[in-house]
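Presented below are the structures under discussion, each in the form of structure tokens.
Shared between the two complexes below is subunit A, which has subunit B as its partner in the first and subunit C in the second.
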Partner chain A sequence: MLIYIINRILQIIPVIFILSILVFGFVHALPGDVIDTLTATDGEEDPEVRAALEKEFGLDKPIYVQYFIWIGNVLQGDFGKSLVTRRPVNIELLERIPATVYLALVGIGLSILIAVPLGTLAAVRRNTLTDYTAQISSLAGISIPEFWFAILCILLFALHLGWLPSSGYAPFFSEPGKSIWYLILPALAVGFRQAAFTTRLTRSSMLDELSKDYVDTARSLGLSERKVIYKYTLRNAMIPTITISGLQLASLLGGTVVLETIFSWPGIGLAIYSAIQLRDFPVIQAGVLVLGIMVVIINLLVDITYRVLNPRVGMG
Partner chain B sequence: MSDQQLQSRQRVDTISPDDTPFAIRMRRIQAVSRNALDELLKSKTATIGAIMMIFLLSVCILTPILATHSPIKTNYRIRLEPASAEHYFGTDKFGRDIYSRVLWGGQRIVLISLAAVTFGLILGIPLGVFAGFFGGRFDAISMRFVDGLIAFPGLLLYLLIITVAREWKLEGFWNDLILVFALGVNTMPEIARLTRGTAMVESKREYVEAAHVVGEGSFYIALREILPNIISPLIVNATVRLGFIILIIAALSFLGLGTPPPTPDWGSDLNVARQHMETNPMIAVYPGLAICYSVLAFNLFGDGLRDILDPRTQDR
Partner chain C sequence: MSEQKISNSFGKQTRREFVATASAIAASAAAASVPGSALAAKNKGGTLRFSTRADARGLDPQRNIIYYVSHPLAATSGGLLDIDANMDIVPAIGEEWTVSDDMKTYTFKIRKGVTFHNGADVDAPAIKWNYDRVRDPKTSHSFHRSFFKEVEDVVAVDKHTLRITLKTPSAVFLASVTYYPVNLIAPNSVAQVDTHPVGCGPFKFVSWKRYAKTEMVRFENFWQTDAQGNSYPYLDAIEGYPKKEDKVRLTALRTGEVDLIENMSYADAANFKKNETANYNTWDIPQVGCGYLAIQAKKGPFAMDAADGKLMRQALAHAIDKEAIHQAIFNGLSESLNGFYGTASSWHMPDIKNVKEYDPEKSKSILRKLNAMNTPIAVVARQAYSYMHDTGELVYSMLQEAGFKTTNEVFDNPVLRKKYKKADYGIDSTANSYRFEPDQWYSVNVLSSGPSTKLRTGYKNEAADKLIVAARATRDKQVRMEMYTDVESMVNEDSALIYTHGIPLTSAATKKLKDYAPAFAGPFNISNGGVRTAYLES
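Moving on to the complex of A and B:
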């Protein structure tokens, strides 16, 4: 087990390496460079000034040396400064990460609360009206674009009924009540689509488990159906559900950009989005790298959890 | 095997002496397609999905005939009109016919997603087949590369690529091409992994050994013997992927990162409609419904196809 964990940790190093090269390559694929941006206001540019600036920013060195200088700084937590606000990028990002994680976690939690009972019920009452309703609504949930669902939610709950605010954010620790108030609609939009995925998954893994021999054994021993389902089957069926929810958490961290924009939720996705609008490249670069690394680490944790929960899984 | 299937096979196998090779081949094709249709009709999901998909594709092909107005011609005298006999879905804030815009936008989004999935298949299948078939170092290196790409948060990858495309001032066709490239590159890892997994299992089968013994070359075996046998999970994955890509394209253009304004586009039309949500909520409904319909069509068909092709889940 320990060997497996060490192995997996070693495996993510090249992945992060490739990620960093992609992000670094992105900035170098842009036309022009930092100096163009800095000297843009001065009109004509002096070749000597340019040479001096190139030296200052290390642009006179070969590209792989530049890469190692950059990655060295990143490893020390220095992502450079935002071109727009002139503040260090890592401070900007640190303020944004909690909001995204908060939204993603509550969204996933909400989806599990909806999906696990629904999926279990659909599997237990297979081929009944309950099952068909659950299947059809989860299929519809997968097919509805989340931003459209969010717009319709705002239309109904914020504009028509006036029950909930259409946008805004408050940190949970200072103003918990207000924070949850603002969170309801975004979390609903995040949770709805995830719930659709998780319902389908729970249903099919419950069906898998229910067809296994141990269920027949438990039934023939005279255990109540309730006990068979809730104590034994559901527990085993939860393994893939938990794994996939973890993976979805990872993809959510990178995917809430659209919802964060709609609800003006000050997360890392919105930060990257506005940085794209303002051409604030250091922020884009750092934001994507940080999110990417978070995704890789969550995937790793999910893999390890899966192994712990289900030791029969091979090393592959 | 049912009696009916047996009969149709026998019909193919009984060849009268005066049959030309062409006639034999035609009859074989006929029997195969009849079998395929029989299988398809067995799954309700696949049948509904297929009908929806055929309708969607024919509407896309017939768009120039079905559209009643130019999708980009503005007319300020008829701004924000409700649905009428002249404008089936009403008009948007520039007085453009929404019905025609939805049609043209559909043709564009379906074409792009088809191109992107095809590109992903072209990249992913050879990589997966060779990695699975040859194994060893090639497998290890290419799969680490694929892992790196999988770890890359999808939406962020598109944001990066599209930002670069914008800085290079790529417009119109080139912008779409970049989108196809980005979506294709992001489709590739999943396809490659799926192909590799099944190719690895297949490469241990007897028929591959037989091919080795007969003296067929490795490349020939990989492409002509193994590939046809692993194609069905790939078709399922590609179909579901089509719907997923439509959602991504819509989300990107919703964020204003698709094709610039006058081009009809479901995502950016939704974003524009957001401004008139209080007074004309119906404008936001049509493009959204169109997205739902297309994604649902591909999802249903993919789901049904999976049930047909994967005998393990057939009885569900």
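Moving on to the complex of A and C:
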């Protein structure tokens, strides 16, 4: 297992290197540049000012030189400064990562807590009221637009019932109680939608596994139904669920711009979105690179989990 | 230096008369106050939780545009002069001024005892340092810099006298030294301006987490006082909570999470005002400016130099149904306009001519006559403002109906700017505001050499150009009004800009918020108004 993990970590290095080139290339291929955004609509188009800013930002150098300067600094932990706010990218962006990770992890955790028991029950009690309820609720979760569900949650729980705050954020380690208080609605909005997908997947995986010969064999050996379901079948059925949950987590880490906007959640999605609009490329590059690395790490963890659940999974 | 009639924004008064009148009506205490010795008003205070639609891009008020309506940070800044609720320029840190006969030299007397938040004096050398910084392309935003492009020299004559020399005569320069274009920062704090700005506004900066929270506390040595000599502001602190989603901002107010919100959506405003007056106060704040359609007249069938360009633009103008925009986009809350200034402005011009009324049949008839049915035209709008692209969508349908072959696209600012440069669009659904001094609108967006005209529309009318340039050097407000009325009539005839609507911004607050008087320039820098006079009932 250790060799497998080391092997996979070594494979990550070229992936991250290629990712850095792609991120840098795509950002610089965006139409318009930061100087356009720093020059207001009413502002004069002054070539001298443009040249001065290009020099200051290093945009006057060939693109490959810009890349090597950037990646050299990144390797030393320096992501540079935002060209718009002139504050370090670490302050602009990286401080927001904990809020994103916090919401994504709790949201996914919540979705798994809902989806795995519900999907399993639906499969085991196929074509019963439980199954229909699970299917209808997951269909609703997939069909209802995320922003609409979020607004409904705010109107119900914040405005009409007054149980929860409508929006806001507090860091977990400094104000844990308040932090959880603020987290409930956004996590519910994230978790509900993700749970809808995962419930359907868990149900179909379970049905698939339940129809296999080893399940009949286990039953014929006199094993209890609980043991057959939870020890053998669910374990195998979890592999696609984990894959999808890993992908969902990666997607959530990429930012949930809509939910962050609605809940005023200071996550990375809104910051990157704003940076893209302003063409603030040090912020975009840092954000996308860091998120890319996180996705690669999540994939690694998912692969390791496969091995834990099913040692027959190949070394890859 | 002789004393001159100053009439650009204040009617025909001498400077001394003006100061006296303004002081009596609005700022009597300000003139009598001694900063530093004023007392805080007893029983007036509280922490105002203010939710805005937007947040600042950065902390340096000279490198970033601090949006006066929507950015809580605006409360930390101040300019040399103030604006009052009537949109007139009034004394502030600059307590008196004179203008030379040739209108090229402005001399300001700087109020004594005014300090920045770190205790440093706001004196003539400090203001000169600020103005030099704004004039330097390396250290300022081009928007701010554009207000100083006519400045030849800034001299600190002594600690309390500042002299500004202009390259060309101007009767309108005062507007360039009021709050919004050029905010003042403490020179000895420049090293920390991107992390902890030090200004001279009514509130001191504490912290800023972008898109999350801005914290500010009362500046105890703010220069302005009330009639009893109590120093403004009354509030102990302001917490700014940017919440971009209109519905969420409104819910935060209704759940008591915030005390004040701005920029209520037009869809919510009508019902809220009808149903919630018992619990909340609302204000419809008129803006000095309007929504309009800018036609790209640099090249193509609508160009100024195209044989039928003018007729083609008029065909566009006749296709626009302002009433439909008024109802569908602004829920009946807007004001239909024929010129840039709405009725709330003292620059409103009722005699503007050549307005092209909505008449799609006339559009079709022009197109048929010119054999130009199905002429392609691209409607574009900026992504950041929903009413702009919503209006664009409606305009798209109107033009289709009138016989144009239309497309409709929404872009973010950098892409739109590229399109402007390449003249790669037909009509831009856009808006402009905070032009309380009309020259700031006409010289930038109508004058053929104006930066926005050159960038966007390519509009050219020699007669209009002459009037705009002449108005800039005319002291008499009434004469200027007549000049601008003629300019607007020409703009309507040429149909290069189609004015559509004056757009109010609705704010709402809990009833606990007392003596809050927002004005067109937002809540932050209104003399004797806005957050300076507000307090929360305990």
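Methods note: the second predicted complex is superposed on the first by the 236 of 316 C-alpha atoms of A that agree within 3 Å, B and C clash if a C-alpha of one lies under 4 Å from a C-alpha of the other, contacts with A are read in each partner's own complex, and residues count from 1 in each chain.
In this section, a contact is a pair of C-beta atoms (placed from the backbone, for glycine too) under 8 Å apart; a residue touches a chain by one contact, two chains touch by 3 or more.
Please read these numbers as outputs of a predicted model, since none were measured by experiment.
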Check the residue A:L22 against both partner chains and state whether it touches subunit B (first), subunit C (second), both, or neither. first
Could you tell me if A:S143 is touching subunit B, subunit C, both of them or neither one (first, second, both, neither)? first
Is A:L270 contacted by the first partner subunit B, the second partner subunit C, both or neither? second
In the overlay, answer first, second, both or neither for which of subunit B and subunit C A:L253 touches. first
Looking at A:V295, would you say it contacts subunit B, subunit C, both, or neither? Reply first, second, both or neither. first
Which partner does A:S167 contact after superposing on A: first (subunit B), second (subunit C), both, neither? second
Is A:I151 touching anything from subunit B or subunit C once the two structures are fitted on A? First, second, both or neither. both
Residues on subunit A lying within both footprints (that of subunit B and that of subunit C): 30-32, 151, 154-155, 159, 261, 276, 279
Complex contacts: residues of subunit A adjacent to subunit B: 11-12, 14-15, 17-19, 22-23, 26, 29-32, 139-140, 142-148, 151-152, 154-155, 159, 204, 207, 250-251, 253-255, 257-258, 261, 272-273, 276, 279, 284, 287-288, 291-292, 295-296, 299
Hey, which residues of subunit B end up touching subunit A in the complex? 144-145, 147-149, 151-156, 159-160, 163-164, 167-168, 243, 247, 250-251, 254-255, 257, 270, 274, 277-278, 281, 284, 288, 291-292, 295-296, 299-300, 303, 313, 316
Using the touch rule from the top, collect the residues of subunit A that touch subunit C in their complex. 30-33, 36-46, 48-49, 52-53, 56, 82, 84-87, 92, 151, 154-155, 158-159, 162, 165-169, 261-264, 266, 270-271, 274, 276-279
Please name which positions on subunit C make contact with subunit A in the complex. 57-60, 63-65, 137-138, 141-143, 145-146, 149, 194-195, 209-212, 241-245, 247-248, 251-252, 254-255, 257, 383-384, 412-415, 417-418, 444-445, 451-452, 454-456
